[in-house]
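Should a chain be cited, it is by its letter among A, B, C, D, E, F, G and H, assigned in written order, with residues numbered from 1 in that chain.
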Amino acid sequence: MTEEQLRGLLDEVKSGTLDVPAALERVRHLPFEDLGFAKVDHHRALRHGMPEVVFGLGKAPEHVVAIAGKLLEKADNVLITRVSRQTAELVTNELPGGEYFPLSGAIRFWRNRVVTGKGKIGVVCAGTSDIPVAEEAQITAEVMGNEVFSIHDVGVAGIHRLLNNSQKLLEARVLVVCAGMEGALPSAVGGMVGCPVIAVPTSVGYGASFHGLAALLGMLNSCASNVTVVNIDNGFGAAYVASLINRI
Amino acid sequence: MTEEQLRGLLDEVKSGTLDVPAALERVRHLPFEDLGFAKVDHHRALRHGMPEVVFGLGKAPEHVVAIAGKLLEKADNVLITRVSRQTAELVTNELPGGEYFPLSGAIRFWRNRVVTGKGKIGVVCAGTSDIPVAEEAQITAEVMGNEVFSIHDVGVAGIHRLLNNSQKLLEARVLVVCAGMEGALPSAVGGMVGCPVIAVPTSVGYGASFHGLAALLGMLNSCASNVTVVNIDNGFGAAYVASLINRI
Amino acid sequence: MTEEQLRGLLDEVKSGTLDVPAALERVRHLPFEDLGFAKVDHHRALRHGMPEVVFGLGKAPEHVVAIAGKLLEKADNVLITRVSRQTAELVTNELPGGEYFPLSGAIRFWRNRVVTGKGKIGVVCAGTSDIPVAEEAQITAEVMGNEVFSIHDVGVAGIHRLLNNSQKLLEARVLVVCAGMEGALPSAVGGMVGCPVIAVPTSVGYGASFHGLAALLGMLNSCASNVTVVNIDNGFGAAYVASLINRI
Amino acid sequence: MTEEQLRGLLDEVKSGTLDVPAALERVRHLPFEDLGFAKVDHHRALRHGMPEVVFGLGKAPEHVVAIAGKLLEKADNVLITRVSRQTAELVTNELPGGEYFPLSGAIRFWRNRVVTGKGKIGVVCAGTSDIPVAEEAQITAEVMGNEVFSIHDVGVAGIHRLLNNSQKLLEARVLVVCAGMEGALPSAVGGMVGCPVIAVPTSVGYGASFHGLAALLGMLNSCASNVTVVNIDNGFGAAYVASLINRI
Amino acid sequence: MTEEQLRGLLDEVKSGTLDVPAALERVRHLPFEDLGFAKVDHHRALRHGMPEVVFGLGKAPEHVVAIAGKLLEKADNVLITRVSRQTAELVTNELPGGEYFPLSGAIRFWRNRVVTGKGKIGVVCAGTSDIPVAEEAQITAEVMGNEVFSIHDVGVAGIHRLLNNSQKLLEARVLVVCAGMEGALPSAVGGMVGCPVIAVPTSVGYGASFHGLAALLGMLNSCASNVTVVNIDNGFGAAYVASLINRI
Amino acid sequence: MTEEQLRGLLDEVKSGTLDVPAALERVRHLPFEDLGFAKVDHHRALRHGMPEVVFGLGKAPEHVVAIAGKLLEKADNVLITRVSRQTAELVTNELPGGEYFPLSGAIRFWRNRVVTGKGKIGVVCAGTSDIPVAEEAQITAEVMGNEVFSIHDVGVAGIHRLLNNSQKLLEARVLVVCAGMEGALPSAVGGMVGCPVIAVPTSVGYGASFHGLAALLGMLNSCASNVTVVNIDNGFGAAYVASLINRI
Amino acid sequence: MTEEQLRGLLDEVKSGTLDVPAALERVRHLPFEDLGFAKVDHHRALRHGMPEVVFGLGKAPEHVVAIAGKLLEKADNVLITRVSRQTAELVTNELPGGEYFPLSGAIRFWRNRVVTGKGKIGVVCAGTSDIPVAEEAQITAEVMGNEVFSIHDVGVAGIHRLLNNSQKLLEARVLVVCAGMEGALPSAVGGMVGCPVIAVPTSVGYGASFHGLAALLGMLNSCASNVTVVNIDNGFGAAYVASLINRI
Amino acid sequence: MTEEQLRGLLDEVKSGTLDVPAALERVRHLPFEDLGFAKVDHHRALRHGMPEVVFGLGKAPEHVVAIAGKLLEKADNVLITRVSRQTAELVTNELPGGEYFPLSGAIRFWRNRVVTGKGKIGVVCAGTSDIPVAEEAQITAEVMGNEVFSIHDVGVAGIHRLLNNSQKLLEARVLVVCAGMEGALPSAVGGMVGCPVIAVPTSVGYGASFHGLAALLGMLNSCASNVTVVNIDNGFGAAYVASLINRI
């Protein structure tokens, strides 16, 4: 029930064409969302310039094309994550304007490039193998209207490389830090900056990394107080939250 | 080496009382932190009105008194977390002005109550057993200079209680959401608001909760994109990051 | 907003003392639960003859007394689970009519003994060490208005003892089966009956039982199709669902 | 030894053609099942209108055809679960009347469509990726003689979508709720209804979902008391128990 | 129904005092165990000279006394495992003839010392901390009628100590090998002998021993083909199986 | 150094052709195994009629052929486990007399069929999916000189099928019991017989079976005292130990 | 800022062309690494004769060729680990002088064969399936300038094979010991020698080896005090540390 | 059999007082260790100035006194680890010269303070809570004859504190690095130095540290190649290996 429908109902009551018991009955059964004005408005406000997102993993290529095509009818920016090369080829052939990023498996339609974030988001990663996850974060943060800078390959075992980037790190309003293996980078970065750090454990590693578990546990136990954590390989989620923070 | 010391060294070089090779040698070996002006400044800036924090778990009562006493000499606000009742009694007897919170085991010296956070931080918890963790978050957020509101006992199994608080939730600039057992509350809250949600799994539960593991995994897999996670029972850490976000 | 309040609002609109925009505004902001008639009714219906339940674990004795005292003012039956002997003494001293079950740590106020369940609920356990959990299930099922029978010590390693009870098992409309260690009993029972079996893994065991994990995994992998599972040691939950089924 | 055989034996004893020691010897060695009349009768009663089920995973295509063919000789309804497309093609080519459901990998022969369940079974799932498991549940519940309705894509992060379906949910006599990732949906649904909820964790997710473990643990720790749990992805088992409940 | 009862029934049928339908009815409902002659006989045979066993862990002292007292009325040998010193004192005070072993917490009543095992059982342990488990095994094997020898403190990190005992090891008909920490001893012993080795992981260790998990996994993965494994710290179970083998 | 060599050395010392220091030096450096008479003899004795075994998993087809060919030169019986169909074809083409068992992936050369085991070994499995593991056990036990019988598909959820085989089970001197999913069969079988039961967890199952972990834990926690356990899917190892027991 | 740059700055201060505040400002912002002389020198020293290493796992063949080609321009020795046969063919075709080791998947360019290690490194492995990991260790240790010997197939279940190599083991200055399954070999070896033992758990095994976890835990719990551990299958890392020790 | 005994035997053979078969028999049964000259010598050499060690955890106070008293009769230095204050008081009262370290629970008798290590061992820890483990390492390294320096509280979240100690770190010949929580310090240290780093995960932390598991996994996955790992809290073991390396 939209606001208009509710207004109509009240008008009917006022005019006497609907009696109170009947009105009561109709209100009693109206679905919740029709009253959720604040929420809807909020969402509308929130979505200005923000992308629609399709999580591509496990979806059939033709389905991805169909969903993305529909979203592109009303959204400027659409982000598709984790698709295979085969799906990417179908999407970019069928839908003009998409850019495919093979490392992270993302496709981005970025037609509205207005910057809405108030500061810079930094995306940092520990090793070259973490770049796919960092790329997903960077692409997401950009398409959500942020100025983004990236720093790659600054793992804690080469601490001077990280320190050489300390000025750069201090420029960020919020940082996304991706690391696999022991996942120590967010702690080191967290200690060097005063802004929030969103840590992304990656599944990079072998043996006792247990597909990212080691990095995940490490980040959850970070001795740096400004670190929060998202799921393994979830570059998208980290960038999403970073964007929310950067809009504040 | 302080800035003053470096200035002195350069003055000596300028005046000729120190030759260049000797100066080079001294600079070469100066410790890193002495040059870390930006960092120090940054930290100083960061700490305006922020508390010094003592992690009390496992520290002897007399040590907690000693550390806290020292910090109170130069800091307005000091927060001590996770102490026993016995330690709390000693601390509050020895050091005037401390308030003990027995649920969370925190002691707070809150002498500077200037509000520096720009919006409100909401602290939400699922059940009454989660209140100790929520209390730690609330105390922390307050002593870090934020306006804080709390909503207790709004677990997802009574979704109407949560919905009754939807207006309240929308007032927050950032939310800390604490839940044990299945840890589902951050997902539900995350879907109702547009701001960042920092999820705190609690060790509340038994059996297959595995001391908070179930809640932790649930939160890491949240289908709400605005959720990040901290360690089990880490109300302090969640509030710390929330405070950073609220200062931006 | 109660139904009465909403009726009043509509009456005001009808009579013209409240204009439509003002009415709209009031409806727009009314909290959700005020419209949740069905739910409230449903709950009220559901609760006929059902106990109020207090989960006692970790609650201070005086709090348990206070909560239970309040509930007893309006509820006939109150069940308190998992309290220490110390709490039990306080409760039974302060609140007349409570019966303490030291094995399971439950206290039961059972003033309305009307049977509302349509058939019998059987509570079965594998070994004598599982009896505390089985007792919690039995007490719960009884106070929820069911006829209950119990069969103890019929673990699969003495299969003839179980078979001797096959006629009894077939009398049940729904069964609660508790077992620790390897947790095999629900599978064996499930194969002997046609009714739903609710399996309760118990934390009975040592070493590789990992506090009930072995039994839990065993039950989740049951090759009997009529088995569902609840949390480790959750005799209450199993009996609660059994009661729901027995009321259908 | 059938009842007839035992009667014959007793007749022989009575008539004197068999002496007591010889009769004793024959009874002593008779296999158990021959005396298990009640059980056999019970099973026969239970199976009226119920399908025979073939668990297809890991079986060779030709074996599935052979087993299903044999069952179809005497059973109206046969359900085959978890077969590959290749197996499905062979089965549907060889055995007329089978319908293949590629999402869940099920094949259903549904020749007797009598409804024996007394109420409706609702099958609910959190996200579109959970549909294969929900489909398995729906197909199973239908072929077991139930009226079934489905609600898809009502995860807790969009709580208003779930609430919009609250009337529908209340129509069910028993609910099957499927969710992956954090597995929070059964708790939310459980709090909205008074009927039993059978929760099915799905393996949907990545990283710290650990192939459904996160959802499984979440559901086992549900704070809603009317929730029981089956194995990961076990849509069949959930629907089987739901059908048992719906027949009561 | 005992054999005598069944014989009586057949006699009645033969004599005509019981007609066939009535006899049929009585047989139909007789409980299973009454027909379980083989089993009962088997058990009786099995129990010659074998102890009755009481698993003491978690049982109240007075219960242990009561159970043991009852068993001692008809059994020569009674073994009580895992009791506290307090329970042990009560038992040995109340029931004459019991010997308490404080390391393993066992009490043994050993009144029939006939040796029924055909060879020797060797009980081997890796370190002095494993002796409590080894002691439980030794006591059990002895009271079950076996000649037992023990070898202590022959862990693989001092392989010469083990090799010095190689002649002794070869004397055993079956070996029980207890080890904590890395649990490597059964593999080494298994390679030195040709008899069956029953491996008992112990909970000895700290940190990554995870309360015996490391030893358990090690033993399950033994590269010696003659090794089987029992639960962590289950010296009793290992000795029980060793005794069965030694009687063959 | 063989016994002959040592005798020769002593003869040389005695005759004076070797002086004592030189003899001492030679003895000091002799490798250990040369003195390991007992062990070698023991092994020789042990191997009478026993097969040589090749663990095929992960070995290249041509390597398997080479190793098996060499072993067949001096051994009557050779067992190759866990080879692919491709390897099996190569082996059986190159080496006459081999029989391939595709379910378990074993190849058996069984040229000496003398029975050396003193009783029967029973191989029991819970479901048809466990047959590959049971087959590996059966083939192994046979080629090691035992009379073997098999009982398939007697899982605990159809307990009457198991009970129908109780006479058969009692014929065995030792039992190998294979089960996946909840792994409950060894407990049930263990309670029905008095002989040792070697339990083999299988990786059969899905979801919370965690590739056999559920069955493994269940078996380790068996409440039947006559059960020991081997690694997941290790039919070979179980049969090997069963053969050792059956030779005693 | 290199040392030369800093010297120039000081020269400018001395000569008066740069005043002290400006100099201070420039020093204040100089990046850290410019002062890291010691570290750079240290690294240079460390790298004399040491190989450059490319971790090949997951890198595209053409990238491996490009990286290795670049490194070969300035380094004598280059080691590439964990490449597929396809990558190996491309590399060895494009870059002359590389030797491919198919078991371990390593490619080695070994143009400077100067031995810099002061003693011998021994590489020991338990079974033939562990050879790939041992090979990676051996190749690494050799290309890092060490004399290396290897001992294969000396698992603890055939302890005499290990003992036959005791003289050889004592020749090593440091040992790398690789083992899968129960991972017991490092403990046995550690007890036989006085030098440091670096243990490498391998992923060899099945079932409860959990991809090397059993071996890893076993080695971490070694009762031999001279054992340290690296990641599962990390032959490279073990040899790297062994080389560091051997250079001391 | 000592070398002297063997020489005597050969002398008897030479002189004819012992015939060859009798000599053969005696040699055949001599225990292994009697021939283990090299090993014994090696051990003797190894033990010059090294302490005897008593692992005190779980030992009764009087046993610790007895063992330590016996060792002190022939050893200059004795180290007792992990004893309670109560045990420590008994030991230091009974045995003069012992020094008790309450943080780590160690007692040290250090009567021979000759330094045999060739360089310095550095013991580094991340936080003040890790000091007990670091202290155990330091005490061990000292009593084993090494010059030791310690650096405390240099966790990666305050990287400048670590960098300030870089010169100090470079002085070490081998480093022991202790860290709990995320366990990141060994990676950072490992990247700053060229010597071997022995990482000790500590059980410091809470929640998802899982008693040191997070730190352990982190260290095993270290991206610094010069890091090896010991068990959680095993400061002794790390120092023991460091001492071996420092003697080379």
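Here are some notes:
The rule we apply is simple: contacts are C-beta pairs under 8 Å (C-beta built on N, C-alpha and C of every residue); 3 or more make two chains touch, one makes a residue touch a chain.
Predicted model only: the values in this text are computed from it and were never measured.
The interface with the greater number of C-beta contacts, when B-H is set against A-H, is A-H. Residues touching across the chain B-chain G interface largely coincide between the two copies, over half of the numbers being common to both.
For the pair chain B and chain C, the distance between C-alpha centroids works out to 39 Å. Each chain gets a centre from the mean of its Cα atoms; for chain E and chain F, those two points are 25 Å apart.
The residues of chain A that reach two or more other chains are 32, 39, 163, 166-167, 192, 207-209, 213, 216, 220-221, 231-232, listed in rising order. Every pair of chains in contact is given here: A-B, A-C, A-D, A-G, A-H, B-C, B-D, B-G, B-H, C-D, C-E, C-F, D-E, D-F, E-F, E-G, E-H, F-G, F-H, G-H. Chain contact summary for the complex, chain C toward chain E: residues 129, 160-161, 163-164, 166-167, 206-209. Those residues of chain C that touch chain F in the complex are listed here as 126-127, 155-159, 162-163, 180-184, 187-188, 190-192, 205, 207-210, 213-215, 217-224. On the chain H side of its complex with chain G, the touching residues are 38-39, 42-43, 45-46, 53, 118-119, 163, 166-167, 170, 173-174, 192-196, 198, 216, 220-221, 225-232, 236-238, 240-241, 244-245, 248.
Residues of chain G touching chain B in their complex: 3, 6-7, 10-11, 13-14, 16, 19-20, 23-24, 27-30, 32, 35, 37.
Residue ranges of chain E in contact with chain C, taken from their complex: 29, 31-33, 36, 39, 57-58, 201, 203, 211-213, 216, 231-234.
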